[in-house]
Amino acid sequence: MSICVVEHDELHALVQRLIQQGPAMGPRERQQQPGFYYFDWLNSADELVLDYVTTTLPPKKAFFPPREPFLEFSRTDPAKVRSMTDEGPFVLLGVHPCDLAAIEQLDIAYSDNIADGRYLANRARTTAIIGVDCWPDEYCLCTSVGTEQARGSADLFLTPIQRGYLVEVRTPRGQELLGDSAQLPATDQDEADTAQFRREKQRRVTAKFATGVEQFADILAAGGLTEVWQEVADRCYSCGSCSLVCPTCFCFDINDDINLDLTTGARIRTWDSCQLPDFALVAGGHNFRGERWERVRHRWHRKFLYLYTQYGRPFCTGCGRCSRACTADINLVEVSNDLIAYAQRETQNV
Amino acid sequence: MSEDPQIRASKIVETYQPVAAHIVQATKLTDTEILLELRLGNGQSLGHGAGQFVQISMFGVGEAPISVCSSPTQTETFELCVRAAGNVTKALHRLEAGDWVGIRGPYGHGFPVEEMVGKDILIIAGGIGLPPLRPLINLVLENREQYGRLIIVYGARSPQDLLFTDELNLWATCDDVEFHLIVEEPDDKWQGPVGVVTVPLRKIDIEPAKTLVAAAVGPPVMYRFVAFELLQKGLPEDNIYFSLERRMKCGVGKCGHCQLNNLYVCVDGPIFCYSDLQGLEEAVEAWAPPTAEAGGKRREPGKGHG
Amino acid sequence: MKTQAKPRVAFFDFACCEGCQLEVLSLEEQLLEMIELVDIVTWREAMSEKSDEYDIAFCEGSITREADIERIKHIRETADILVSLGACATIGCHNALKNQFSMDEVLHIVYGDRAEWFDTISARPITAVVPVDYQVNGCPASLPEFVTVFKHILMGKEYKPPNQPVCVECKLKDNLCVYEKGMLCLGPVTRCGCDAICTSYGHACFGCRGLVDDPNLNAAQDVLAKYGLSVEEIVGKFRVYNNWPELSLEESHSDG
Amino acid sequence: MADRLNIKVEHLTRVEGHGNIVVNLAAGRLEEARFEIVEAPRFFEAIMRGRDYQEVIHIAGRVCGICSISHTCAALKATEAAFGVDISEQTLLLRRLAYNGEIIGSHVLHVYFLAAPDFFELPSVFPMIEIDKDAVLRAMRLKRLAYDLCKVVVGRHTHPVAMTVGGFSFVQDEDELGRIRARLVEAIEDVKQTVALFKSLTVPQFERETEYVSLKDPALYALYDGQIYSSEGEIVGADQYQEVIEEYVVRHSTAKHARWHRAQYMVGALARINNNFEQLHPLAKEAAAELGLTVPCFNPFMNTIAQIVEIAHCVIDSVDLIDSVLDRGVQDESSRVEPQAGRGVGAIEAPRGTLFHDYEFDDGGKCVSANLVIPTAQNLANLDADMRQFVPQIVSGTREQITRQLEMLVRAYDPCISCATHMLTVEFS
């Protein structure tokens, strides 16, 4: 890995070049609601915003679309059952450290055991990722899950400094991207600026877990927290927003959509959420997670216990989207700290 | 993912692309169950193990996980027994010989057949639980000398609901099969015992240490009654295997629907060893002994809402 | 399919704005494809022919007069498959709002001393009078759902209206939640299937597709109360559409 | 001439809502000729009582599925008048654009789908596919265009989404507006073809001198705004509607009837063209000339023709409106408003004629009283009068011929009965 400095105008030109070479997705400001951002395809470098507050949906939508027809079929002809072809390669720009960590985690989960070919094929189309460092807001909890410095899947990583951006070239592909952009050597001042940025970022994170993720997993594993789960469930709509916006959630549903000829159609995969009431309902009418509090518990368990145990890292990257999205103001950090406090009270009482 | 994207892409398999399979024969077993015999269109053998399942596609309707119910030694074709439960399964009931469907799989973790060698085998089937156990029964029957006793307990709602009646007759007349049949709602002609599977189960004498149990029993609540009986008999938890069902979409441990605590029914199951399920909160309904204690605690209602 | 005669389809309307039928008419090209599959034998709004023999009946509107009850029962008897089309037919919609007054009162409010010339009964959706086989929710009926239901009927499939809130579709479309703009929205408790059309156009959801099966009204009440709404106003908001079955928010409120 | 004739057409088809035609002739004398409205009333004014203004507007649009943009706009105008809110130039342009979309859609629906089958002696538009497929496809294209225009601007044709008090909750981007503009330009050819088709058809001859009522605006062909004008020569402010228009209940109708100078008057496309012919777009005037529509025109059957002229006007006007919006550049405007106590009247030319919404709010923005006056209701007395004069002229025909011609007359008015049964006056205490 090497570092260099790229000035603002030079980066702008680089982005413009990438957009001209092929599709590029990056954070944009919402036209109707300034101050809010979303990932979308870029028409020009002017649309890309690099100092943005976390987007509504994470960038995974680039290679794991919310609704993706993946197989076309004909009811009358087996030869016409075919995977739908993907479009070509694209690049992903302006990804925050938490989302870089999330992409890495999705890669792990989807490659594990029987790999998900569909996901991997789409992911392979993502030929480059440029990450960028950011300022937290009151929902961000990256320091609690150790993702504030994540670089995972990035080819280039940018940190804003006085002179422009300090660029970490993390892969050969990253070097290739830079091409003949003017790369200035990083001075001591540039490095000091960068270090300062990171310290300041760390300092500004206010939402924090009261324990480390390992102890938190132990607390969840020990159980006996039903009272807290029920208290949360009492306020929870079961609307699924929290998991639908989560960069590390990867549950989905598969359905067939037939055309009006009643013969041809497509099989479609759609994001799903374990918080929705019918998620575990089977044909006989039995619901394996029918109670709201069981679903709430499952969300925390999956993120901080099951997948944590399986992959050695929590499946939460601290982006805070779930808390932002919850219309019932159920806050990931607050609830987690309630659980921790409850467990600590219980152990003291024993 | 530092691998070259090109190399990466070339390794990718079409996880969700079914292959065509043709219906060789469709036989109505009961009002609600049909037996489909299928042959893969690519001429290959399915190559399944006892207890594994496939994802069957009725294009335009959807996919459903169905256990393969024919013996693993039957390789030309394979069989599925389908209960009409919803849209996909009802559509499967309309199939006739010559029609085609899509098949993915086989998937899942089947029965530990090597471990079973030399043991007494106790099979407990309730209703639609028989089809996933049938490959195992057939396997044991085909290699009868490798195993000890073969005890089969099969319970159905009524005599009309009995599946594979020809085979039942065969098992009943076989000297080396101990076969117990019971129904809940007898008709005029019924001469056998009346009740649920736990009734004959209670009366069976076994040698706990050398017996291996495989069970699949219809509605989820039945599991804990069966588990209770088996534990009463002193069976070690490691010797009990259950076939479980959950909602399932992908079949490959991705979609999240079939998750049971940290386990995925589709890849870690559907055949589970009882000891692996111990202590899992979400298995409590199936596994806790039927005492008021355990059952009552779980159903505690969330304050006025549920 | 080919050897069988095409199923015969009829459209009927009761008290409503007829917007649902109009939406169906606006399918145009798709409607032409549908006509390949079925024969439309009765559609008062679009054609003069009428037939009392049909297999599939799409019924729009609410039941508001004694005579309507007989009429819908007759349709139910005649049709193999009855579909309630839109909010009026499925959940009562605005029509049932008058039920909060006595019928004498509404007649007098409107027709004054000529009130006795007219008759009216408390309004109810078709689903409250006869069993229906399929439902299309929405005000107007959501067209994607109408087409889906149409295909389900022809393929002999059951259709269960999605038991998920509008928030799901809002999220899939990457909309900014209207709460982020400081506005109220009934999306979290309202059944989706509309492709989140209102929220996609920056508007709040008014709940036209009815409540999800097990809405957490307790949560809804807490959230709306945060915006300074009284219980009465909250009930009023829900009642813009959700009037059937009677909705009792007060009871379900455990002070939280 | 038939000596004794009773005609009753129950639940007239190819109109919006339920209505019956009743004609009784005894000993060669006309005893009765009337159009009964049997649509179930829906009591809108009663249910708006006590509701928040945003809910009132939402419900107001649901009065009628076919002209919900008109109802929504009328309700918005009334509410804005009550709150003293001014709308921006862009909002006005976009509302007028959505409005044109509704008029085009409604008129195309009526002209092609409801009225045209009469000219071909067909029961519906579906068999027309065999006779004149081009016409049917053209009709679908035009209607699709109208719906898409509404969709682009307000989200949906039936029950629009994006219009709020003071502005819009969503403003479409310039590319989309540009695309729909291009389609509007292409549609001019379809409009010309429509004119050519109807030029070849014979409109029944019948005349009765009529009072025409519509809005009037000194600067524009009045649709979205204007003062109330009668062809008898009087013009008054929209908020004075109750002083000039008298509504009354009749036994045979769940919709009220209305009068002004004469015992009855007519509203709608024909009334507008009679009153405001000069302000039509030149291309629309050309269409009128082609179709033989000259003012004054007292033949109610020509209402269908007047609608075609308005389609032409609205298509071209929409192109101009989009140009104005694009010239100014699309702005994101906040539409936050503070409710205040007051009363406001919103008058607008719905596809079927002048529509009034009248609300009073308290200082929290809750509705205290509501009154809606719907075009079709205003036309009912005039329609009855036309029928009474028309029946003796056609009575020599066969029963089928008489029935068909009466149905055509009623359809020419393009009655929207669902709407009409909601016009009610309420004073809440």
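Letters A, B, C and D name the chains as they come in the text, with residue numbers starting at 1 for each one.
Methods note: contacts are C-beta pairs under 8 Å (C-beta built on N, C-alpha and C of every residue); 3 or more make two chains touch, one makes a residue touch a chain.
Values in this document were obtained by computation on a predicted structure and should not be read as measured data.
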* Which chain maximises the distance between its CA centroid and that of chain B? -> D
* To do: Give the chain pair, either C-D or B-C, that is connected by more C-beta contacts.
  => C-D
* To do: Quick one: report the Å distance separating chain B from chain D, using the average Cα coordinate of each chain.
  => 65
* Asked: So, what's the distance in Å between the C-alpha centres of chain C and chain B?
  -> 42
* Structure fact -> Between chain C and chain D, the Cα-mean centres are separated in Å by 25
* Geometric centre distance via CA averages, chain C-chain A, whole Å -> 37
* Which residues belonging to chain D are in contact with no fewer than two other chains? -> 170
* Structure fact -> Two or more other chains are touched by the chain A residues 32, 234, 258, 262, 292
* To do: Enumerate the residues of chain B that touch no fewer than two other chains.
  => 60-61, 86, 303, 305-306
* Could you please write down every pair of chains that are in touch? => A-B, A-C, A-D, B-C, C-D
* **Residues of chain A defined as touching chain B within the complex** => 70-71, 73-75, 78, 81-83, 89, 104, 107, 109-110, 112-121, 123-124, 127, 153, 171, 223, 226, 230, 233-234, 250-256, 258, 262-263, 265, 267, 269, 272, 274, 279-284, 286, 288-294, 298, 301-302, 305-306, 309-310
* Residues of chain A defined as touching chain D within the complex -> 31-32, 34
* Which residues of chain D touch chain A in their complex? -> 170-171, 173, 332
* Once bound in the complex, which stretches of chain B touch chain A? -> 1-2, 5, 8-9, 12-18, 20, 41, 57, 59-63, 85-86, 89, 100, 102, 107, 219-220, 245-247, 249-250, 252-257, 259-262, 267, 281-282, 300-303, 305-306
* Asked: Contact residues on chain D for chain C in the complex?
  -> 11, 13-18, 39-47, 50-52, 55, 58-59, 62-66, 68, 109, 113-114, 117, 123-126, 140, 143-144, 147, 154-159, 161-162, 164, 168-170, 249, 251, 254, 418-419, 424, 426
